[in-house]
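Shared between the two complexes below is subunit A, which pairs with subunit B and subunit C, respectively.
And now, the complex of A and B:
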């Protein structure tokens, strides 16, 4: 597969991107910039330290743990132990929508809790204040669970958030209290925080309630955080198909659902990067296989639903899924037919997240657009090249610091949902069971793959490729738009969405059509500026 | 209800802050540094700090906010961040070529004891700072003060590390801006020019955080106080610090270093504070206030007089930052309104004392600043004594919706509206705009809730 659009010579571009760097930096960055070949999937350096000063998109471990994974669960009181900022910046900024069962049900997402650590606590320790804060949260709200998140100073001064949590949990008796050592300096990006969050949720929540609830086709949706209502759309489709969602990790989720997650018969994974640990650990402990799916894109949704039906192997479910697809697709097709003539042949770049830069390529493909360059902010090699490279990934000092839980089969609850033979059969049918093929196999030959792109590199890429749309986050939004190129935020969706499922695909098509064809991009020059350049041209021709 | 767990009963808390009315020092330092021309702010800490600050400032301004980070890992946290900062300085000068890098510390680098003065000196000694370029620094641990003191500390850094005295005073007046919007800094320059006073304004984020769309991203936009101006500030005849919390520390530093006498005034929000600002600036410049400005003042007073019935006796809850809250509270009193509940997360005795003085005109008002002076407490106070109007940053919209209170956005951050960075919030014109906004929400409320027979055409 080769790109239909004319691409500049990618090897020359690589040189352009790094030639301004100091030698050591250039040497390092070169390994993270790769010309794609979907057949051979060349190695991409990923999940390594960012060069100080280079201007990165990346955030920290705390952001990955509290902000991404734990933030969307509505009935946990999330207390951030540290100075005020960390909790403040993560307050409602990720757009995790949630829909409590009734107006009386718990929802703490609108609240921001912090121990507001002061200098005296840094000097004399903050554990005492933390315990007071936990007690006050308990007295005020009587929540089902309180989670504690460590920020940078906490690890350095040696506050033991785990001991404090255990003590308070024992004291209350009816409130689950647990801590996360997700100090911002751990790992090299948000990714470390995802892993730490997975470990904590697995240890402290999953498996707490063994009640097997009704439902013939029960699954968990992993790595879907309900930004802009994405999970609502997936829930709607599951409902329509007769698929029971036991728990979502963690969009629109509750403590109760997560505690019961191990009673499901399948884990489907959206964001592989942030949650694959959970899939693996539940597989080992409870015998629940996981499968990579993608509900971003109408075609991808269709494929994912068919895979789920195939997994359960039930003819009635398969038939129902086909009915749902037949019901939903005409509306999608009508919009695509109208929009596609306006988007066909245009180009996109995606530099975002740990899965989104892959998933959203499907939507662009549906619009007839080509992804000419893409990369992740905090992913690992397996997200680029596929999980088969896992054994080859060297564990460096930064990764070694993140705990790897030793998980074994539960003596009572381990129950393999499928035999090895059945799993092999499903894999042969193309189901990504306990596997993920990564981004690069889907990208065209000679496109560019750049991990942890720097500000400098992204400006250069835009200058050299002149894409019709650039996808990244809030920090990049107005920089790129100042260059006259529309930027679609794929963390916050520019406050729109949902973009999953059938309805979400339609939302996305419309948004992209609006953005790439917006008349404003042609209004940047004032009439007198235009007149000036035209008259110059005219006089040039005349002479 | 969005804030369904907020109880009416107020219980004293000692450990837990809920819905803070402040954030941390480094973001203020980053904002201040953007007000120097050709400056790249640098966050010496974990990547998350820089990412969060850039994101928040970007959401507030809808503009590029460029800044770099030392990208601490666990190793740096154990062995110190010197190597990271030195590497960052080298990379930044090679790739982004700023005139100056303004480094601020974070809770992480402060806890491990990194000394920015020593590290920047080493960078200079090692030849990592090109000739004619600068690296300045400010200590801004997140566990002290608030975003406001972080801003103040970076402005102190500018004064201390740039200003020089060649011994000959010139006829300029330094105007040291407290934390205000680019539109407000633009307004100060406009007022000074109309008064005929030559000023050096610093920092100055106008033409940086309100840059035009030109089809080209200017990494260093045309605005910002130039280094030459900052150096010359040491020879200005005097300084005017606009805001006793966020601007005065720099004026003190300048006086100490270069013997530039200073006066501190409130931020010119509302009639009385703008009067004092204009008097102080005209006195400092040795000029008379021109009729044009007197007429602008007159237009504000005219509206206050003509619309007094809509303000009188209305109760207001407000939250925000000290240099805004002091003159704003005074202005509400001048309008005949009743400030009922006020919180600010920024600690400080001077702020508290000054607020108590202003609030002598509003007996019974609730005021608290510092620890646990948060929006949860403010909301509880409102539940106990309802108000007619809420003024504060965007986070106030959750209270406003739950309690059904008309809401005017004012302060930082404003994440869901535009205008604050384009139209002045200070001076007579900014105050007129504020009056218009307050009247707008109060009158809209009257229009929405009036009985049909009492629905007014003329108001």
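And now, the complex of A and C:
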């Protein structure tokens, strides 16, 4: 149950947000700003290009490919082909953690390799230098895999990173070398890079090792990148429940695990946006169903564990999961009982990611706080409205430019883990099998949903809504705090975390308590405390 | 270039840059544009560049930094960015109402060869110049140079855009380079104490280190006013920090060439000697003696050298970062007997060793190695041979510091693993004092921690 909160009239807010834009821009932005109705889930324009000059929080294709999806695997040497900046800016900045088996085991995450392209390479081509760089990385580490990432100039000067990779792979014989055409101008955001990365990992890694390893309940965890140690907490819970994690895509992962991922019997998906392609492709090729889960929030973790147990349909597993929940929840409850009186009734706004703006609403609900406005930075319509809208999404020039792999059932390895009837039965029990209902069905009526919120709009939203906390990233953090509103970073977690599972939920409750109830905010006079005149007075009760 | 054979081999054998010791050209331009009043930086290229550069600058300054972009897509990359640039400028103007838009290119727009000045000309013709913000343009392809080049290119371009000539005024220009907001504030204080009207560019002391906002600001308050930049052409003199900064690439160089404003190039004033040169120049230009408060600071600093040198004399340090910072830091370390055994930079001016020899004549005798165009793997390889007592540089040396158990004294940019990097002083007697205290304390802490006695008095 969520508390009733006084919200300003959302339709007036939409006007306020766009009235400074030129008419054409206003018309376009209006389609991305929607007053929510969880029953009807109105259409949200998403995954369309940001208008030039509208300062966006979005990143680029390279960021999604190298930074998000490939970055966390510790034993791939990543070489960035291009001028120095792209490599430097993605150097350990995502705060992915990893845990090599021993300190002697491979971990290249702290490394930042770049071909450091110079003018002569732009003029005469950089492939030769790239090949030398690949050779150097090989000689230096003898890694299992080397991945090449193309930055903007690469596609334009015609360097063929794929040919270079094939050549070097053949030359080495014992090192998997593959390239990504993830130039920053491809697609509308980092989302394009996720798709490109999924394709590459699927083509070049998944299925390379058919050894079926021990474990009764084997699954892969997709779309969990181990920011702040999130994956460690989920791994701890899986271990405790007797669930075997074959591979993670890609927090705390290794080449070996990913190559073996197709031997699992279930894919559970955390971040639907960045990895759903992998779920679909593995389903088609190997017959492994995927299921949406959420380990952000103690209640959500409980629900997700029960769903996994239900999927495997094993009484012993179900009983074990209940035992684990019973063991873990008292510590969570003790903390929430203490904190909740201080957070109850407060409001939050979340503008982040492609799944986090949804997932973290669960934690706020557990704190008795209401999400009054939310949106993603780089999601698609299905992440808002649910996957049933997929057939209705218009394919535009930008999405057409991203390769769709033609995947068919593997003649030898395709093995449907569940029959159609079994899957239907599971769905009837509320399991999101090969499906995702999106963010909006969970949000209250008359809350606001804004896709790709601009810098300008987020400042306006704060001014109009005066939320108790704003969740976004470092780019927004300091401007929001200048206005006396605490900003919780949900990319880097403000260098804290983990926030998943039971222990993570406790961390989050404490962090939010510290932020929203911190005496420092009383020392900052927010602009609206000076002049109330600008804000919208009309308000009504949403529930 | 070096007396050490083995480490050099490792270095010359390398083609890829591993753990870079430099950032990219447009980042520097965005930073400099942030120091112009009511200016929005604008990157002509893909949005990722603006996003990465924003998040990187913000991680150091902990202040909002808006950078607009022309958001290239695949068609733009093929057919040119003219339409996107014009549309972007229009939108930024409408939302932010800036007085200035600072436009810098990226590797993408430079690779396809967009003629930005031509596009801007067209834009002005379409829009009518009257109500437009002034557009300052810097060419900053990331495949040339490093962030420091973009910084200077933006400053030069701002001056080229705004400066007008005219009768000489009682005014001095100070182009202070890529320094901390705290350093900028200190320099402004000094100039005020001398009673000399001045124009300091770029001044991001408030835009990148300001207070909470009692009212909404689309663009943070602060920065060098364009009216002040306009007057720079009629100044009596320009002071420009940066040992390797060539006149043909610098703002002061432009003013000298175009308006006959004498250019006084100085090393960054770190250490007693370099600070003396700065203050002496101010005395000459203003005809005023150094204010007593700085005499005091100078006396305290020399007293501190006398008291503290015993801890640090003969110690070995590795310095890395922008060339100009490294050069001045090296000369400063020599003032109390620390040997900067390796002076390294990712930059490649070709001038570093020459300039260092001017400041440290016994450079060769001391076997001080000067390396341009290196990365952290090169530096680390050298460190294994040179066995320094500590490292001085930005946060990116931490991996090397941790692995080799070498203390790291953080200076310059980026500092994103310590709080308050934007408030560190490096310049003048005050900044030198702060640096000296930090260096001495690093050595003391090391000694204290490794002592079996557990001294509390050291």
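By our rule, the second predicted complex is superposed on the first by the 521 of 543 C-alpha atoms of A that agree within 3 Å, B and C clash if a C-alpha of one lies under 4 Å from a C-alpha of the other, contacts with A are read in each partner's own complex, and residues count from 1 in each chain.
As a working rule, contacts are C-beta pairs under 8 Å (C-beta built on N, C-alpha and C of every residue); 3 or more make two chains touch, one makes a residue touch a chain.
If you're wondering where the values come from, they're calculated on a predicted model, not measured in any experiment.
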Superposed on subunit A, are subunit B and subunit C clashing or fitting side by side?
clash
After the superposition on A, what does A:248 contact: first (subunit B), second (subunit C), both or neither?
neither
Kindly classify A:260 by the partners it touches after superposition: subunit B alone (first), subunit C alone (second), both, or neither?
neither
Check the residue A:141 against both partner chains and state whether it touches subunit B (first), subunit C (second), both, or neither.
first
Could you tell me if A:478 is touching subunit B, subunit C, both of them or neither one (first, second, both, neither)?
both
Touch check for A:107: first (subunit B), second (subunit C), both, or neither?
first
If you stack the two complexes on chain A, which partner ends up touching A:300: first (subunit B), second (subunit C), both, or neither?
neither
Kindly classify A:527 by the partners it touches after superposition: subunit B alone (first), subunit C alone (second), both, or neither?
second
With both complexes superposed on chain A, which partner does A:79 reach: first (subunit B), second (subunit C), both or neither?
both
Overlap of subunit B and subunit C contacts on subunit A, residues 20-22, 25, 49-63, 79, 82-91, 93, 110-119, 121-122, 129, 132-133, 136-137, 151-153, 155-157, 183-186, 188-189, 397-398, 401, 455-456, 459, 473-475, 477-479, 481-484, 524-525
Residues of subunit A that touch subunit C when the two form their complex:
20-22, 25, 49-63, 79, 82-91, 93, 110-119, 121-122, 129, 132-133, 136-137, 151-153, 155-157, 183-186, 188-190, 397-398, 401, 455-456, 459, 463, 473-479, 481-484, 524-525, 527, 530-531
Which subunit C residues qualify as touching subunit A in the complex?
14-20, 22-27, 42, 45-56, 58-59, 62-77, 84-85, 87-92, 94-96, 106-108, 110-112, 141-144, 146, 210, 212-216, 218, 346, 396, 399
Interface residues, subunit A side, partner subunit B - complex:
20-22, 25, 49-63, 79, 82-93, 103-104, 106-108, 110-119, 121-122, 129-137, 139-141, 151-153, 155-157, 183-189, 397-398, 401, 454-456, 459, 473-475, 477-484, 524-525
Subunit B - residues contacting subunit A, complex
1-5, 7, 11, 13-20, 22-24, 26-27, 42, 45-49, 51-56, 58-59, 62-77, 84-85, 87-92, 94-96, 106-108, 111-112, 141-144, 146, 211, 213-218, 345, 371-372, 376, 395, 398
